[in-house]
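You will see two complexes here that share subunit A, one where it goes with subunit B and one where it goes with subunit C.
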Partner chain A sequence: MSANTPRLSAPRLRAGAWYGYVLLVALFLMTPLFTLVIASFYDGRFLSIVDYAFTLHWYEVAFASTSIQSAFLNTAKIAVPVTLLSTVIGTGGAVAYTRHEFPFREQFKLLALLPIFFPLLLLGLGMSLWANVTNLGYGILPSVIGELVWISPIVMFVVSITALGVDPDIEEAARDLGADTVTLYKDVVLPLIADGIVSGAIFAFVLAWNNYYIVSYLSGAQSTITTWIHAKMTQGFTPTVPAVSSLIFYSSVLLVVVVALFEYNKSEGDEHS
Partner chain B sequence: MSTKHRLKSHFDRAAGYTRDSSNPLFALVRPPWLFMAPIVALLLFMFVGPMLAIVVFSLQSGNTIDPNPLHWTLAHYAEIVTGMATGTGVYGQVLGNTALVSAATVLATLVVSYPAAYALARKIKRYKVVFLLLLIIPLFTSVNVRVFGWALFLVENGVLHSIFNLVGIGQYPSLLYNRYTVLFGTTYVYLPFMLFPIYLSLLTIDDVTFEAARDLGAGPLTIFRKIVFPLSMPGVVIGSLFVFVLSLGADVEAQILGGGSVFTMASNINYSFGYSQNWPLGSAQAVGLLLITIVAGVVILRSLDLREIASRGESR
Partner chain C sequence: MLQTAALRREYGSTVAVKDIDIEIETGEFASIVGPSGCGKTTLLRMLAGHLEPTSGGIVLDGEDITATRPQDRPTSLVFQTWALFPHMTVRENIEFPIETAGRNLDRSVEELLELVRLDPEEHADKSASELSGGQKQRVALARSLAYDPDILLLDEPLASLDYALQKQLQRELADLNRELDMTFIYVTHSLEAALVMSDTLFVLDEGQVAQTGAPEDIYQSPKSTFIADFMGDANVFAVDAEPTGDGAFTVTSDEFEGEVTVEDDHDGREPTDLVVRYDDCVVRPTLETPVGVAVDVDNILVRGNTVLIECSADTEDDYVAEVPFDWFQTVDIEIGDRAYFQWEAEKSIPVPE
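On to the complex of A and B.
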């Protein structure tokens, strides 16, 4: 690079340094994930990047294992309802907060967004005690309700950001043009905040898919992907662990990239219009 | 058809569109209340309830709730507070470790992420989406998985080992299972929670402000001291509170990377619930964490203006 640009000016060098630093931080954040991917394809006992031997064996083992299959299935049984419900619940909260005036509005925001700032350990512990006291029990359903508490506020946050960008007079205009309440929300408000809802739903799915603390306290005898990984990490490592971990990493990357492209296209579109 | 019409007019009336409903019950199915109801009901049941359960359990003498409040006890608090106050026993150590790990995590994440946030907000124009993606993706991958990745990286015969071998370093002290590894892990996991608030606060500064400062003869250092840093303070405060509270609850990091060498509040709480099966004692410690979390959360939410964040997203 520097060889191709004979006169490397000081400002360019400084700009390069900023890029370099951010790249370094990004690499730091990605290192463990890259390590997992490297380990997942490695054929051998000790992980060495010098005499690396490639294999798909651990993925085959992972796909063939019934305990891993059932862990994936349980994770899906939790993540899919959590995605659907948290999107509805979070969007409801966002529309109420951003498009309406009502008493105790700020207090409502405080309560509704507070779970985002809670350490998940604390949420998990409290829910575990609560499930015991109320006879809610442990399993798929309690895990779904538990994850909703953390994820619905995040959806509300994401949708609120979009909803606040919509013209505040739009409801009144729609009313003046004769829209009734159902039409107002179905044909005016929801389409305008649809982008935020889709982003929120995808985030909800990824977070539910990756959640460990809450399910570890509420899933009881049911094993999910994250609790399976944790159990294998602390007792009895097998080389399938990196493969399974990589699998959930791939799915997260895919979905986050989809959201990013979606948001990026939208902002590009805004600039052109 | 007529039923549908009747229902529709009914809903409209309830929604306050035709403002003749005098029945206060209808108010509950009006839009703002109708939309709020699910999240409020959910949080009352599965968020407020569980937190109350922690508080009530902390006052019990056994692993069941005694219905008679006169039998409740403050003994667990007394045990923890005297332990912490005198600095002896496991609680003195736990308090010291936890405060140290959390404070050091705040400091380390601040030092690492401030320049990065500044670069992202002001210097990086090309490939910005790619950089943001690389920084966001780890947030959406299970903490478990990332900490495990570090363990594989740092472990003997791991990736780092072979890198060191390549450059000819054969012997080096074990990098796993000590308190610095725990600090490293928490810094890694909570870095984005510091970076993004600072990034957002730096985005608010207009280019015009910089030009004006330069025209008035301010050097880079003065601009940073008088403009950039003060204007990024909200982000720094929010990020610090966020990181502090979240690292108080860090357990997987201490367990996997620390290998039990460091006892923190989170691991001690987990121990009380797991091995020693002493729920009230665990709950009493969790109440401390709960109070700090609520205070920090309320401060963050009070200073968080969603409207401002929304307008920043548009000017991006």
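On to the complex of A and C.
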């Protein structure tokens, strides 16, 4: 027997058992996620495993439904502006907090991050009252503003993590070598924190896309995917609910794949440069 | 010529730099040295424009640049961390000041790399983040030179490199200073680096200039015990001084036998300490010079061509003699011996408080 022949040794067995255990835990936790997908293809009203039959019918119904189409459209109308604006606001806050000295800097951070720690249910309620008092009303625009309050601090938090890792001397060096403010940000600061900004934007989109509490208070007559699902759950379940829910799940998976590809390309690029 | 006038910087109630007046000639290699917290980095950052003085001014060739922003100031700072742009190649790093500032030295990236002794073909298109410490240091230098500054400011740029590389780069920096006829201001706590490279030394202590001059002058005649200690390799004896009446002092001490007559080098201030450099001292079994002290030999360290003999006196004070290796072989001294630590009286350096 050659020395290189693999053998089932005790450490190997222990490792196998450990991985198996982790896999089972993961499966248990992920099962609800896949149950939804399985249910969305089930030809029947309430999911049963005994007489499972496959159909694409509920997806057809979902795609044909104008109320579902408009829910998706409304969700996009909120999520896209929220992603763009919260990325800009959050990045600005992160750069200000991490790269500059100013009076009450720590207080600024605490105040800016406060909405994250406030219960969403109450945040939504407060916004709803405020929208009424200020005559802002309810709909897409108030929803965008409401979500910005909650999501911008999260983007700031995510971008800050990257920005804190950048050597402050680098910024001074750029100044020292003649860079004006535009050049400093365009060529040095933003490229260095680009990863954080991309992560922050993806975070912002996922949170805005899946948000329920804030839109439920602020979207008014406009239904979004989450408020549509909630309405169906309370007012009468239809099997299109799992189909619509699965569609949200697919879009999140798609986003994860995009991020993975982005990361992969970047590490490839780093190796070749 | 670069001048500062009563330059001062306070952090809250702490005064980091206390009304410093210095003058540095164009083309000079000046070093600012001092222990940690003496204000040297604060001073340098004010010269670079990254830190606003609390009061006082900076004048370059007759022009007040105190309020000039760093990007408009003809100074360039080489950072301790080098601060290369990690997302750019070596070439992009060096082109950065040329493109942003338009202050072009009329040297190509290749010429600049050769100036700092890096092979352009091998390194120009590497990413800045894959260079070694020494290479990063050289690229940072090339990048600052590409800016064509009137004054190159260096903030301990060699501190994190290994000793042999430090020595080599010290020589190269001194050569560059001569070659480019550019003013270099080097901040360090490493006295050795400052001694090797500088034309002028500014020793800072607690935010003030404690002594200015050519390195060898400061080494040979320190103005205070602090300077003597800081310049290193010094045995310090507390002394009593009596004026002789003709501009000299007769110096005696509880810490050594014999007496020394020294010139008044300090405008009548009487010496409180006597400094004797390690390499002016020897250890012999008997006292053969007019001044010396009985000691126990604690340790003998051979350092290549010299030998360090560490001794302790009955007063518990420790003294060190550095003698040539050949000389050491002619005397009979071993660890544990009772012997005499001694020196020629004229090698004594009187120092006022």
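Convention: the second predicted complex is superposed on the first by the 225 of 273 C-alpha atoms of A that agree within 3 Å, B and C clash if a C-alpha of one lies under 4 Å from a C-alpha of the other, contacts with A are read in each partner's own complex, and residues count from 1 in each chain.
One rule holds in what follows: contacts are C-beta pairs under 8 Å (C-beta built on N, C-alpha and C of every residue); 3 or more make two chains touch, one makes a residue touch a chain.
All values derive from a computational prediction rather than experimental measurement.
Of the two partner chains, subunit B is the only one that A:Ala26 touches; subunit C does not reach it.
Applying the stated contact rule after C-alpha superposition, one finds that A:Ala96 touches subunit B and leaves subunit C untouched. Measured by the number of subunit A residues touched, the leading partner among subunit B and subunit C is B. Of the two partner chains placed by superposition, subunit B and subunit C are both touched by A:Asp180.
Judged by the touch definition given at the top, the superposed model places A:Asp169 against subunit C, while subunit B stays out of reach.
After overlaying the two complexes on the shared chain, residue contacts for A:Leu192 are found with subunit C alone; subunit B is out of touch.
Under the contact criterion defined above, the residues of subunit A that touch both subunit B in one complex and subunit C in the other are 175, 180, 270. Listing the residues of subunit A that touch subunit C in their complex gives 167, 169-170, 172-180, 183, 187-188, 191-192, 270, 273. Listing the residues of subunit C that touch subunit A in their complex gives 48-50, 69-72, 75-77, 79-81, 83-87, 89, 96-97, 100-103, 127, 143-144, 147. In the complex of the two chains, the subunit B residues touching subunit A come out as 8, 11-12, 15, 17, 31-40, 42-43, 45-47, 49-51, 53-54, 57, 65, 112-113, 115-116, 119-120, 123-124, 129, 131-138, 140-153, 157-159, 161-163, 165-166, 188, 191-192, 195, 242, 245-246, 248-252, 255-256, 266, 269-270, 273, 279, 282-283, 286, 289-290, 293-294, 296-298, 300-302, 306-307, 309-311, 313-314, 316.
By the touch criterion stated above, subunit A contacts subunit B in their complex at residues 15, 18-19, 21-23, 25-26, 28-36, 38-39, 46-50, 88-90, 92-93, 95-96, 98, 100, 102, 108-123, 125-130, 133-134, 145-146, 148-149, 152-153, 156-157, 160-162, 164-165, 175, 180-182, 185, 203, 206-207, 210-212, 226, 229-230, 233-234, 241-242, 245, 248-249, 252-253, 255-257, 260, 264, 267, 270.
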